[in-house]
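Take a look at the structures below.
Heads up, the next two complexes both have chain A, just with different partners, chain B and then chain C.
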Partner chain A sequence: MLPNRSRTSVLVFLLPPLLLYCAAVLFPILQSLFLSFFSWNGISEMEFVGLQNYVRMLTADDIFWRSFFNALLYLAICLVLQLGGALVVASLLTSLRRGRELIKTLYLLPAVISTVAIAFLFVRIYSIDPVGLLNQLLHWVGLGSLERAWLSDVNTVLAAVSAPEGWRFTGLYMLIIYAALIAVPKELEEAAVLDGASKWTLFTKIRFPYIRPVWITTTIMATTYGLRGFDIPYLMTNGGPGQSSELLTTYMYKTAFTSTDFGYASTISVFIVIECLVAVGLILFMLKRKADS
Partner chain B sequence: MKKLLRAAAVAAVTALALTACGGGGTATDPSNVTPTGEIKPREISWLLSRPADGAVINIMKKLADDYAKDHPGFALNLITTPDRPSYIQKLETLAAANKLPELFDTDATPFAQELAKQGKMVDADKLLKSLDVYDDYRPGALDYQRFDDGSLYMIPFQFELEFIWYNKALFEKAGVSVPKSLDDIPAMCTALRNSGITPIAIDGQDQWPLERYVAYQPFREAGPDFVQKLKKGEASFTDEAGQKTVNWMADLGKAKCFQEGFSAQGYSDAQNQFTSGQAAMYNIGTWELPSLATDKLNPEVRDDVDFFTLPTIEGSVTAANEFVSPSGIGMAVNSKTYDPLVSDFLKFALAKYPAEYAATGALSPTTNVQTAIPANATPLYKKALETATTLGDKQAMPWDTQLDPTTNGRLQQELVLLVQGNISPEQFTKTMDDAIKQNAPKFFK
Partner chain C sequence: MITQTAPSTPRASAPSSPVHQRRRRKPSLYRTLSRVLILLIVIVQVYPLAWLFLTSLRTEQDFATGDPFALPSSLTWENYARAFETGDLGRNILNSFIVTMGANILIVLFGMMAAYAIQVLGFRLSRFVRALFLIGIIVPVQIALVPLFIDYSAVNLLDTYQSMIIPLAGFALPMSIYLFSSFFEYIPRETYEAASLDGAGPYRIFGLITLPLSLNTVVTVVLVNSIFIWNDFIFANTFVLSEDLKTIPLGLQNYIGAMGKVDWTATFAAVCVTITPLLLVFLVLNKAMIQGLESGATKG
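Moving on, here comes the complex of A and B:
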């Protein structure tokens, strides 16, 4: 416990960032909530419409639901790539004797490349005419029948735009999980090995439970990042073809800035906020229950 | 914390209420084109959506510098966002914040009409007449900028003709000739495909190039009025002209007219496909003359490139010399900041602009100057420019400047699906008619 005076000073120092946070995060959320009850094109008079925007969103907008399910799938792919990939790579790294720093740096590299560059890079990778890297690889390994225009095919486009986001941040989460894994006490692992635990048991019974708090944090981070995913799909396909890669975020953006329907766009953004809160709540609830059991 | 939250909420609501009140702005009379008073030089801004090193910007920069010599303190701040969708978003956001600069670019969209209705733009009809330059403009160049009611609020800086460029050698190889009718194109595509040639190179990423095609059949079948009615819901895709275009687009898709994966390919991809001799056709305007009709063009295809204008159809109500001839994005003058300085500068610039622009080898929106053909031009350059002299009265409007923005976005999305064969013509027709029914009333009250 801090002495009284220093607790006051801590509070004083916490206040400026808190105010900044309120101005930058809470205020826009409240503003969106307020706007969501209006019909407004940005230049004419605002018209109060009550819950009409919400009713339209939930009952009469096929693109909204399409975007919502797309966003969930996008999230799932990102999470598998980011967290699954990160866990595998981090675990392998711990058993590596040499070259760890090099591999860590290589994996982290995509996280520092600009999004626009990544999007353009992947557009080239997926291209069919001229043949991009992916189709070329498939051709070389004899899977020529799978060659396709990945970004124009309604069945593959969503996975195709999710992969760059997953690929990009795998290194970042790997680093966090790796830091947690090397903090697992060696004595515990050695004791388990002496008791005859297999590598799998060692991982599931000792290592993973030990890093669970870090795992929860990374899951929450990756989920919220995934739910607000916007730039790469927007740059690569602009939500197309049709609505095949439309996410809630890109749909909200278009509603606001292309359709100039600021009221309805605010309604969608309120939904996104709620969705993020629900997702984080669910993660905490599920992981906590598992830890308790 | 609770108190803090409440305080933040109050602040949010107050701020919003204030901005909402301020939204109306204090527009001056938009028809007063001759403001009186002293010319006080200052910096003025032009928010524009044109290539940064393009002729329009370079010339206006030079003219602004010339003007500043006699008017110390004057400067023209050019803020360009060439990417059209980003530009439109910027424009709409600034309009919503009531922060539009002295001059800004816009097409004759429903959004721009709303701005004009609120008195935020100077009446360009009156302005050009008061500057004594109105009669210099090509009627077609001005008509392209007009709203449906005939009012004019934008000033054109370009004049372009859109053609279908084609590669004679590839046509010969596939045994096809220039189509006599729009309806011939799907069969042509099949013949070209059978010879291993990509029929049409298209920039699918930017969406407007594909949207051009949907305008062609109705323009021939029912004339320029069809889209005016369609956008308000007075005509529909189930009409004869509507069905004709829907089925034709589906046929283009079935015949694999566009390059594979076109929806993810950009402007330069399409241009490269055509100029490298891989694709047989390329539908683009005279703004690309420097790369299609000069010695910059790949020598291997240079002598093979030619163009034809939009084919007609049987029973066409519009003539062969009537097609898409846009005068580019227009420039609007903000009525709120319109003063003797802005008026005087425009008078100076608009009088000198056409000669400077024509000297760059481009078609001027006015008829009082002669376009200079560049030294490195191929004979095609002259042929393209001469087409402007035989142009008919009616012009096909690009639909992206006509439809309300939500319907337009939906149309761009659904067109790709239709052409790719992901949806049937019936599904397309229903989706689009529903979209118009739902969105048009808000914009065309």
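Moving on, here comes the complex of A and C:
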């Protein structure tokens, strides 16, 4: 603590940020919780309905459950691409002698581009008429039978809208994991190599345990970002066809701003927050326990 | 930094004894494979962007009939002219610039102030306040949409720059506070004590010591946040309706015509125009940004 500080000086520095934060983040969270107990379309009187919105969401709303499972699959695809892809590239990159900086930069490029642009780009990549990159590529490698309109096929649409989100952030996570990997003490690795450790053992027994704290951070980042994914599915398919690419976030958005059912939309957003908190808790629990064992 | 088990000799093709060759071949096969793999992944990451740019130079005819992988048969800038006619690109870029600047000023100033209060000044509830700010990192932004929409319409803030700046700054604040406080930890206590002995109060210490020392962290915070703010879609889409205030992500939507008919070559030209400013900044400053991202996350 600073010697000559006064109570006023603490308040002068703390209050403005705290006010902004309360206005934009904390208060809306409480307000959502409050609204979730009401039925309200924004115009008529607000009507207190108790837990009715929650009962409806959990027991009587098929679209909610559909969106929930879609969101989990969306998350799984994003995690595999982002964390799996990032770990592979970061590991490979440590063995490269030259051009690492260039590759890092190139790899991070998609993260700089707006989701709207990415949505446009991938709509074209998936398109069949005029033929897009993906279908053309399949045709060339002799998998022509797989060619299809990826975004209108109910079996492929969810994967098709998940991939771009995974694609754009792989570079970001790669960067973080790479920074952790090059910080692994070389003496440890050299000692292991002298003892005859294979590349795989080196990775699983030395490198990975060493970067575990960073791995936990990136897993939490990628998970919470995956669970709040919205822009790309919303822009590419708006949840369709049917509900086959509807996520909880897009469903919440439509409930609020298309059906103007503010109370029920708030119920869904409360669920999304709980889902994020549970996910973070689970990750910490699982990864910590593994580290202890 | 090189963690290879490979011998330090270069992969020369010079003749050598069979024993040597065997010892060398294994790691070099591994190296070649890993290099090919890296190259493939980089192509997957970058090719779509290159394709975006090439498509923006194609003629419409060529685009409709041609092989998507082929190079354009002739180059044209006409798409760019059409892109500027269709949309209001200049206006969109200006709006994005205003929102990004506004939010960044709040994020940097307030983030630094809060971190200073928590980390340097210290107070009884500082741990609690820190935890309170942490919530904002975990909670998804979507939770704020409905309440803010209602609140903004009550106080007439819908359809203003502030309606975008406030939530963008609010949700970015926790990360910025986190980055600033981890930096403030490294400023030695003695510096503050010496300044205090010389009679400097908390305000002068903030202005004369903490602030000037934090310039590197400021660059990091601004760069990282600018990417997210420049590209924000959800707040802009929810709170802004009038054409005059549309930022780049919303402006791009205008290129989808009635009945979902899209002028693709003009759209891609527009996309190229709008991603250029951020891309240039990124390419010029990517070292600082990469360092910032790395240090930000590895400390956690």
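For the reader, a short list of remarks on this structure follows.
By definition in this document, the second predicted complex is superposed on the first by the 271 of 293 C-alpha atoms of A that agree within 3 Å, B and C clash if a C-alpha of one lies under 4 Å from a C-alpha of the other, contacts with A are read in each partner's own complex, and residues count from 1 in each chain.
By definition in this document, a contact is a pair of C-beta atoms (placed from the backbone, for glycine too) under 8 Å apart; a residue touches a chain by one contact, two chains touch by 3 or more.
Since we're looking at a predicted model, the values are computed, not measured.
After overlaying the two complexes on the shared chain, residue contacts for A:N238 are found with chain B alone; chain C is out of touch.
Once the two complexes are laid over each other on the shared chain, residue contacts for A:A149 go to chain B alone; chain C is not touched. In the superposed three-chain model, the partner touching more residues of chain A is C, compared with the other of chain B and chain C. Applying the stated contact rule after C-alpha superposition, one finds that A:L194 touches neither chain B nor chain C. Applying the stated contact rule after C-alpha superposition, one finds that A:V141 touches neither chain B nor chain C.
Contacts of A:F230 after superposition: chain C is touched, whereas chain B is not reached.
Contacts of A:T170 after superposition on the shared chain: chain C is touched, whereas chain B is not. In the superposition on chain A, A:A111 makes contact with chain C only, while chain B stays out of contact range. In the superposition on chain A, chain A positions 26-27, 31, 35, 42, 257, 262 are in contact with chain B in one complex as well as with chain C in the other. If you check the complex, the residues on chain A that touch chain C are 1-7, 9-10, 12-14, 16-18, 20-21, 23-29, 31-32, 35, 42, 85, 88-89, 92-97, 101, 103-117, 120-122, 124-125, 130-133, 136-137, 167, 170-172, 175-176, 178-180, 182-184, 186, 189, 193, 199, 213-214, 217-218, 221, 224, 227-228, 230-231, 235, 249, 252-253, 256-257, 262, 265-266, 269-270, 272-273, 276-277, 280.
The residues of chain C lying in touch with chain A in their complex are 1-5, 30-31, 34-35, 37-38, 41-42, 44-46, 48-49, 51-52, 55, 63-69, 106, 110-111, 113-114, 116-118, 120-123, 129, 132-133, 135-151, 166-167, 169-171, 173-174, 177, 192-193, 196, 200-203, 205-206, 227, 230-231, 233-234, 238, 248-250, 252-253, 255, 264, 267-268, 271, 274-275, 278-279, 282-283, 286-287, 290, 293-295, 297-298, 300. Interface residues of chain B, counted against chain A in their complex, comprise 4-5, 8-9, 11-13, 15-16, 20, 23-24, 85, 88-89, 92-93, 95-96, 111, 114-115, 118, 120, 198, 204-205, 207, 259-265, 273, 405-406, 409, 413-414, 416-417, 420, 422-423, 439, 442. Across the interface of their complex, chain B is touched by residues 22, 26-27, 30-31, 34-35, 41-46, 123, 126-129, 149-152, 154, 236-243, 254-255, 257-262 of chain A.
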